[in-house]
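Order of writing sets the labels: A, B and C. Residues in every chain begin at 1.
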Amino acid sequence: MTPLIETTDVRKAYGDFVALDRVSLAISEGELVSIVGPNGAGKTTLVNVLTGLLKPTAGVVRFKGEDIAGIGPVALARRGMARAFQLVHIFPAMTVAETIAVAVISQTGKSLRLFASVKKDAALAARVREVAAIFGLEAKLDDEARLLPQGEKKLLDIASAFALSPEVILLDEPTSGVSTADKHGLMRSVVDAAKRAGVKAIILVEHDMDLVAEYSSRIVALQGGRVLADRAPAQFFADPGIVSVIVGKRVGRLATGG
Amino acid sequence: MTAFVDILIGGVFHAAVLFLVAAGLQLVFGVQKIVNLACGSFYALGAYFGISAVNWAIAAGMPPQLFLPVLIAAGVVLGVIGPAIELLLRTVYDRDEAFQLLLTFALVLMFQDVLRFFWGANPQQLGNLVMAYGKIEVGEVQIPTYNALVIAASVLIAMAIGAFLQRTRFGRILRATAENREMAQALGVNVRWMYASVFTLGTVLGTVGGALVVPTAAASLDMPVELVVEAFAVVVIGGLGSMRGALAGALVVGIMRALAIRYYAELEMLAIYVVVIAILVARPAGLFGKPVE
Amino acid sequence: MMRLALALAAIVALAALPRLISAYYITLVLPAFAYGIALLGFNLLFGYTGLLSFGHALFVAVGAYGAAVLSSKLGVKSFELVLLLSGLAAVLAAVPVALLSVRYVRIFFGILTLAFGMLFHSVLFKFYDLTGGDTGIRVLRPSLLGMDFEKLDKTSFLVGPFYYYCLALLVALAIVMWRVVRSPFGLQLVAIRENPRKAEYLGVRVRFLRFVAFLISAFYCAVGGVILAINTGQADPELAYWTHSGELVFMTVLGGFASFFGPLVGAFTFIFLKSELMGMTQYWRFVLGVILVLIVVLFPRGLVGLVQDVASRASRLVPRAPK
């Protein structure tokens, strides 16, 4: 199966400093691939290359077979990849419904409709309600985003990315700032939502190895700008060499699948 | 040759005065992140008050030759309005830039009538006092001594500001606060006092600049609004927030203006705006500013 | 619903005005119409898209000079044609300005637009042969809907047929703007204002939409400029000065930039306020400055915001009937 998104020998150098070195990976439909690694390993750079923000110094990055080097967030969204960030981004004065509507409007190509009415657009309203319901926000459609509790702001942030009907969604530490008790709940909602929304693949950047172990179909570990490992969780955690680099002293617990 | 020197001296003189105003703007922007539309009003206030101060001094028996120190003193004395206005600006430090601009615009409106109230609607001049200083001869050329003195004074002030920012403790704290206000506050810097001092310093630079220009130009009610555009041209060309930028920008604007006046009067300010736009497009950070989104 | 009722009441009141008050005051309402239209456009860029321009008087001046050149130098008599062509000229002038400016935000946008405005002012001022220099160009009376009102003297024309035409124009352009801000385009503009980066990630073409909003605002400002010029009979360079742009911002914030009707309220209030103050004291600029300070410090949401606050507090005071 042709990969949905792939990088081939991608290299990103800033003068003498090499952030990424011959990174090749491919993500296909149905996968949830986690990108892990210590800080400074190049995760952010890789993610920025994957999402068209950074042009690689060498190598190719393709989405659905097309070169997406440096195309920028707007073009990326239009091609079918969405990205949600670690820090919550909202439109403070806009309601939940309006926030989601912004994404739907982009996705349905209605940005330049100057005279149509948003309120009277039944198809738009239906889609907004649909997306909101997936994330449990349908009761808060008319609430202003800035008034939502932090957890719901996070949900809204992710929901608006889903509203783009993306084929691939990249989640940048989606559970950071979320309490341990809620982390699994959030991940489960997101994975379920992705299935229902027709998302074909998820890329996850995470530090929480419990989540990574539980939800990934594959784990890509980066170290010093290189791919250290690219395996399914079982093989990943069975290798003490890899685990000690990525996880440190918690080897014992994870190896037993705790 | 004389034409060339005339243009150069005229341009550098104008640059010297512009530098003072721009330096004030840059200091205030660097620390408080406010662009002060009323910088031209301070300049005009310095000009008018300078004229009055000199007239009073002469009427009180001072020899006309001492008018330069009187002008500088007049500019410095006006610094008292600094803290008062800064108090007003405090209300908008944490607000959207639009409100900051509007507040300083309100000051422009208010100062227009303050100037009108105290000095009337007619332009004011210092007559021919400039002649009291005569000219100095450098080789074959004659340079008005007054212009040379002002240029020298401006250079001295520029060096003083530079030394102050780089070498003194207060200067270091000022630069730290400009970089990161919260951090400076956390480290115990009395930010309020810092802001008040910086704004007052910025004000004084503006008023002194205005005072120094009056022997060669009339003070008029158009000054405040006209100067703003030139001052903005200087900071854009030089780069917002940079002292070196203020110097470089002032030289560019001053000399361009002198060239334009001499050769193609219609183009005077037009050429400057074109340069401003060109710089904003090609290199929005200006010559020395920090890169911008 | 409440707003619609108020709007209708206002329109009726304005229509009845010529019969109720003297011609002098009517000649003030015309600039209020002009600025009302200009500010509707300005606020699309400022209130809705979050871009503060300190150079929009440039487009008002393009409108005014368009009317002047078309009527005195090119013999165009039709008001409709003058409006259309001047509006188009403003949009064309806005293209390079917008292309260059929408890459920047906040203070740089403000300074860049200020520079463009002054550039135009400089051109108007200096190129005497083309633009009449500091005296400007005369603006001749147009024909309305093909009808010449030659028999009427200047004032009767202005407070009669021209007044009603401009009122209708204001209402029509307001309806158009109402639809624009409630459209998908308008919603995306607000998203751009609230968080441009996030908007990009949601597929919003931030620069392009800002560009379009800029062009629309230029058109509206030009229409305002045409009305102003016909009212005074003259187009002069001071219309493009940066302080005039500052007044546009002042009026918008006075009325309330966070509301659709705010700018309209601001335009009317400012024109009358300025006129009354000018009659009372020669230091009217000072008073206006103080008022602006009060707005910025105490009433940032303007008059409309103030009324909304009072109304919501009042409604909380009124005891609700038990269910």
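One rule holds for everything that comes next: a contact is a pair of C-beta atoms (placed from the backbone, for glycine too) under 8 Å apart; a residue touches a chain by one contact, two chains touch by 3 or more.
These numbers were taken from a predicted model, which means no experiment stands behind them.
**Student:** Looking at B-C and A-C, which one has the bigger number of contacting C-beta pairs?
**Tutor:** Between the two chain pairs, B-C has more contacting C-beta pairs.
**Student:** Would you mind checking which chain's C-alpha centre is most distant from the centre of chain C?
**Tutor:** It is A whose centre lies farthest from that of chain C.
**Student:** Which whole number of Å gives the spacing of the CA centres of chain A and chain B?
**Tutor:** For chain A versus chain B, the centre distance works out to 51 Å.
**Student:** Taking each chain's centre as the mean position of its Cα atoms, how many Å separate chain B from chain C?
**Tutor:** Roughly 33 Å separates the two chain centres.
**Student:** Which whole number of Å gives the spacing of the CA centres of chain A and chain C?
**Tutor:** 44
**Student:** In chain B, what residues contact two or more other chains?
**Tutor:** As it turns out, chain B has no residue touching two or more other chains.
**Student:** Looking at the complex, which residues from chain C come into contact with chain B?
**Tutor:** It is residues 46, 52, 54, 100, 104-108, 110-112, 114-116, 118-119, 122-123, 126-127, 241-243, 246, 249-250, 253, 282-286, 288-290, 292-293, 295-297, 300 of chain C that touch chain B.
**Student:** Flag every residue of chain A that touches chain C in the complex, lowest number first.
**Tutor:** So the residues of chain A touching chain C come out as 72-74, 77-78, 82-83, 85, 89-94, 98-99, 101-103, 105-107, 110-119, 121, 124, 157, 160-161, 163-164.
**Student:** Spell out the part of chain C that touches chain A in their complex, as residue ranges.
**Tutor:** 176, 179-180, 182-188, 190-191, 194-195, 197-206, 209, 212
**Student:** Once bound in the complex, which stretches of chain B touch chain C?
**Tutor:** For this pair, the touching residues of chain B are 35, 37, 88, 91-92, 95, 97-99, 101-103, 105-114, 116-117, 225, 228-229, 232-233, 236, 240, 266-270, 273-274, 276-277, 280-281, 284, 292-293.
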